[in-house]
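Next come two complexes, and both contain chain A; in the first it sits with chain B, in the second with chain C.
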Partner chain A sequence: MTANVFLIQILNGLVYGGLLFIVSVGLVLIFGLRRVVNFAHGSLFMIGAYVGFSISLVAGFWVGIVGAAVALAIAGALLDVSVFRPLRGQDPIATVLVTFGLLLILEDLANTVWGKETHSLPLPEMLSGSVEILGQPFPTYRLLVIAVAAAVGIALALWLRFSRIGLFVRASSVDPVTTAVQGVNTDRVSAVVVAIGTGLAGLSGTIAAPLLALSPSMGGSILIESFIVVVVGGLGSFSGALIAALAIGQIHNLGIIYVPWAATMVPFLLMVAVLVWRPTGFAGSHV
Partner chain B sequence: MTKPTPLKLRALGAASALALAFSGAAHAQETLKIGVPTAMSGTYADLGNQAKRAVEFAIAEANAKGGVAGHKVEAKILDTEAKPDLARKQSERLALEGYKVLTGVIASGEALAIAPMLDRWDALYVATVTKSDKITGDACVRRAFRVNHQDAQDAAVVKPWLGGRKEQKWAIIGMDGAWGRGSGAGFKEAATSHGKTVVAELYPPLGATDYAAYIQQIKASGAEGLWVALAGRDAVSFATQAHQFGLLANVFTAGVSFVTDNTVQAMGETSKGINGIINYSSTLDTPANKSFAAAWAKHYNGDQPSNFEGETYIGMQVIFQAVEKAKSVKPLDIARAMSGGRFDTILGNVAFRPEDNQLILPNYFGHVAEADGKLRPVVTMSFPADQATPAPSGACKLAKL
Partner chain C sequence: MSRATMNLTAGRLAAPRLSHLSWLLLAVAVAVGFGLPAVVGSVLVLTLLTQAVIGGMLAVGVGFLIRQNGVVSFGHAAWYGVSAYCIGLLLRHEVLPVEAALVLALAVPTLMAFLLGLVIVRVPGVAFSMLTLAVGQAFHEFAMKAQAVTNGDDGFAIPLPDTLFGLPISTVQQPETMFVLCWTLLALVIFGLYVTVRSPFGRLTEAIRENEERARFIGYKTVLPRAATYALSAFVAALAGLLFALYNGFVSPEVLHWTLSGSALIMAVIGGSKLLWGPALGAVIFFFLKDLAGNLTEHWPAMIGVTVIVVTVLMPAGIAGSLAELGGRLRKSGGRA
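Entry: the complex of A and B
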């Protein structure tokens, strides 16, 4: 394999890592604040893809992306108010089971509304071409995926670091009781964070839609890899999720090339190794 | 104790006679129960849904005619997610509930998990979609029959077609499982027999999301041609990404179960010009197929039956005719009627090979093109059953029924 082809593979790993980051950072935000392991996250990704697909057919691709993110964010706020908040005092397993139930309901919903047949979202003309990188044509759209992931990462980092509500989020994730005592409305903070988390699931679904076939079970494998990212990065850690997603993106791609017989196993081996050597993940549990 | 009066005795006698008469009638009309362990979710959900539609159509059609040899027909469908362990569990559940005539399984790995259990369950399995040679090869069993084309039958069609192609260097991509690897091996053999070389062999897992690393490897291999054995969601995801990388425009592409009636709808323009084996098409010009397609369109709001729907329907035709021949709904009796038997199907009057329970069928090849204003696989080459069938491998040793 020539150096150029190898570098293109690194770029491909960056695309997949970027996509994984957008999916898993939503999981991380929700866990960081609500301490909820959201099994329905993959289904929200899938619903986001379908909503984006439907809106795109009527109003175009860009409206589809924004529309799916907004629709899923609204659904997230409702989810927080109607499910996560009432279950706050319960055993965590109750919330896990409820999110698992939600996963099943959302898959059935997609089956009923969009059918079992696979769909695919065509790209707008300006994104369907390719650009020359290192003498190799590379799809323009894949570069957009990297750009969106970078934008999401930067925006979230700035928001968490410099905004007032970002400060509340960081405080609530460390100690929600003390934060509430200081006069912060933690319920409102939670609703905002869950809405952003699910909105990101919707966004990643639509971003992935032109790459993947749309089907009600499309969220399954990405959810598993996102959980690996979250565990490896550190439950609830924003920066940990970024590093882990980028690492798993590369491992995923390079594994296929160099150890194809073990490619599907490699991310799991990394997770096991991290759990053994550093059970809190790369970055511990702080947002 | 009081002595029974003659009247009471007569009433008892009449009641017994009636009960016997009714039990006899019930026996004659015992329901034919079809178990459908199929993929209702996961990568192959679309294929499972096609199997379901074909089974339901065939049953509605049979029941409207008063059943099969007087037997009402019903089906129960359970989700296997195309996973072999779950397929075995769900099939056992179906068999225990009396749904002992099993069909509609999607993945070859599932069929291979079910087959060894059939004697224990007193069940029968009719393969309609699964292609691995093993099912009617070294893993064959006396209660499993296949009505669709096995990999070796597809390879027999690929061979003459490949001989006419100018591309010398070929890459293979197939799902990492019994079917994908079997199809890849068959293709490789056909390619090398024509003096062509296989420069890359790639087997991504079922349900893979990102194919970029595979696509780059195919490009880097310098392949001029590509053989694809991916189905369902995998087929659509791969085609979409390969198109974006410019692979499909530069490398001649063909496959099996890759460009099908359903995947072409999802792939759109991307699929145009891709070649492939066509195991069944609603456009085949035979009276039986035309009347089937017309009845299907009437039942399903103007739809045309897809390849997998047609193949599953053939399975139901064979089951129904075997029940009529056996005059029984017992799995073993049906199996005996099937073994070596001839059946009228939408692909003509065809027979099971007694050596391995494989139905001997004609086969087709074609490409995706516009037909009646819609993109679809169009048949360009037809191979009669005798040409499209290699001799049995000899690996199958069937026990006596």
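Entry: the complex of A and C
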């Protein structure tokens, strides 16, 4: 295998890692502020893919992407008000169980509305071609996925660093009690933060849709992969999730090429290894 | 300070003796199991009950972990499935006499769970749930991908021997007799867990569940007991998987899939895990509701989703817990009058 082909594979790994990052960072933001894990996050990714699919059939691909992100952000705000807020005083396990119930409901909803057969989202013409990189053809659309992931990462980093809510999220992820004592009203900012987190799930679902087959059960596997990212990176850690997502994207992709029989196991083994070494993940628990 | 940690501080870990009542209850439970097939009569109901009891055993394992360690596993199908695959593979390759294979099929998942437990019980509760889901799915992926060993997605039929412990193999294949066996084992498991939670070991794990830091400060090791509890709950799940494999004579990756872990968890939540038999009650309710709903609607998953949410929010102790509470209240008001 030549160096050029290897580089193309690195790019492919970056596509998957980028997608994983957009999904996982939504979980990270919500955990940072609320200290809960949303088990319906993968289902929101799946619903986002379907919503984007339906909108894009009517109004075109770009409107589909934006529409899915906005629709899921609104759903996220509702989720915060109706689930996370009422359950905030209770054991976080209660939220886990309630969002697990939501997962079952959302999968059934997708089954009912869009049917069990798989769909695929057609690409607009300008994106369906390929460009030449180092003498190798590379699908244009995959470059777009990398670009969107990079844009989301930079925008979130700036938002966390320079906005007021970003400051609250960072503070809360380090020490929720002291942050509350300082007068930060978690409830007031969390609808925004959860909306952004689920909006990103919707965005990543639509962006992933042309690469995957749409089916109601697609949320399960992405949920598990993003859990690995979040646990390996350190719960609630923005930079940890970035590093872990990119690493798992590469490992996943290179694994399929070099050790196909073990490819799906490698991320799990990596996770167990990281936990033996550091039970809190790469980055502890800071945003 | 909770009762459990107070007992620890005072060094009072000695267990109270088992009452005669608990032995009597065990005997009654076993007798009921032997009597039920004659009363029920319908093979269809008995088949459903056998499934419910095997599912209930898995749920009891999940519930025991919730009760003793205060953590929720989304991956107990792993131990259920590893046990089923173990017995399947051992019998397929005829490496061991069947009785030894049965023992090994229980020992392997239990030991694996103990080793994994040493790593994963150290993470906080929510992360534990995420990890068990991921690890459970890793087993499923392995069974799908290791075609040469497991025959992948298709699974394989288990070549069962003609006799098992001297009994004809039909004993474990017909619902009339298999129900009695599963029911008796479930009663013994619940009794065994009851003895465990009342033992010094059970009280120690409860204390750790209430306040891990305090238990450590008093001088107890806290990782080992939690890993052992995890292994014990995995053993119960493995026993359920073993019974499933014998009853069905077939294994496929479905027995490792996370939806099975999820169903077991749902049974434990509906029944309530504060009482050891709660999850088993939850399993019976789950299977009969599912059978009922199957004739009426295609929206079973959504129905069960709504049920989980309603029970979690309105009835955190589950149905068994609420029943016990009601019973306690009635007894109290009766005593006053």
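In this text, the second predicted complex is superposed on the first by the 285 of 287 C-alpha atoms of A that agree within 3 Å, B and C clash if a C-alpha of one lies under 4 Å from a C-alpha of the other, contacts with A are read in each partner's own complex, and residues count from 1 in each chain.
Here, a residue touches a chain if its C-beta (ideal position, glycine included) is under 8 Å from a C-beta of that chain, and two chains touch if they have at least 3 such contacts.
On a predicted model such as this, the values are computed, not experimentally measured, just so you know.
In the three-chain model built by superposing on chain A, chain B clashes with chain C. In the superposition on chain A, contact is made by A:Y141 with chain B only, not with chain C. In the overlay built on the shared chain, the residue A:V231 is in contact with chain C alone; chain B does not reach it.
In the superposed model, A:S82 lies in contact with neither chain B nor chain C.
By the touch criterion defined above, A:E107 lies against chain B and chain C together after alignment on the C-alpha atoms of chain A. Applying the stated contact rule after C-alpha superposition, one finds that A:N185 touches neither chain B nor chain C.
Legend: residue contacts after superposition of the two complexes on their common chain; A:M265 is shown touching chain C, with no touch to chain B. Contact with neither chain B nor chain C is seen for A:S163 once the two complexes are overlaid on the shared chain.
Residue contacts after overlaying the shared chain place A:S215 against chain B, while chain C stays out of touching range. Residue contacts after overlaying the shared chain place A:Q9 against chain B, while chain C stays out of touching range. In the superposition on chain A, the residues of chain A touched by chain B in one structure and by chain C in the other are 107, 220-221, 264. Chain A meets chain B in the complex at residues 1-2, 5, 8-9, 12, 15-16, 19, 107, 116-120, 122-123, 128, 130, 136-139, 141-142, 208, 210-218, 220-222, 225, 252-254, 256-257, 260, 263-264. The touching residues of chain A, counted against chain C in their complex, run 31, 35-37, 39, 86-87, 91-94, 96-98, 100-105, 107-109, 111-112, 220-221, 223-224, 227-228, 230-231, 235, 261-262, 264-265, 268, 271-272, 275-276, 279-280. Chain B makes touch with chain A in their complex at residues 40-43, 45-46, 48-49, 202-205, 207-210, 212-214, 216-217, 219-220, 232-237, 240-241, 244-246, 262-263, 265-268. By the touch rule above, chain C contacts chain A in their complex via residues 71-72, 74, 116, 119-120, 122-127, 129-131, 133-135, 137-138, 141-142, 145-146, 258, 262, 265, 269, 298-299, 301-302, 304-309, 312-313, 316.
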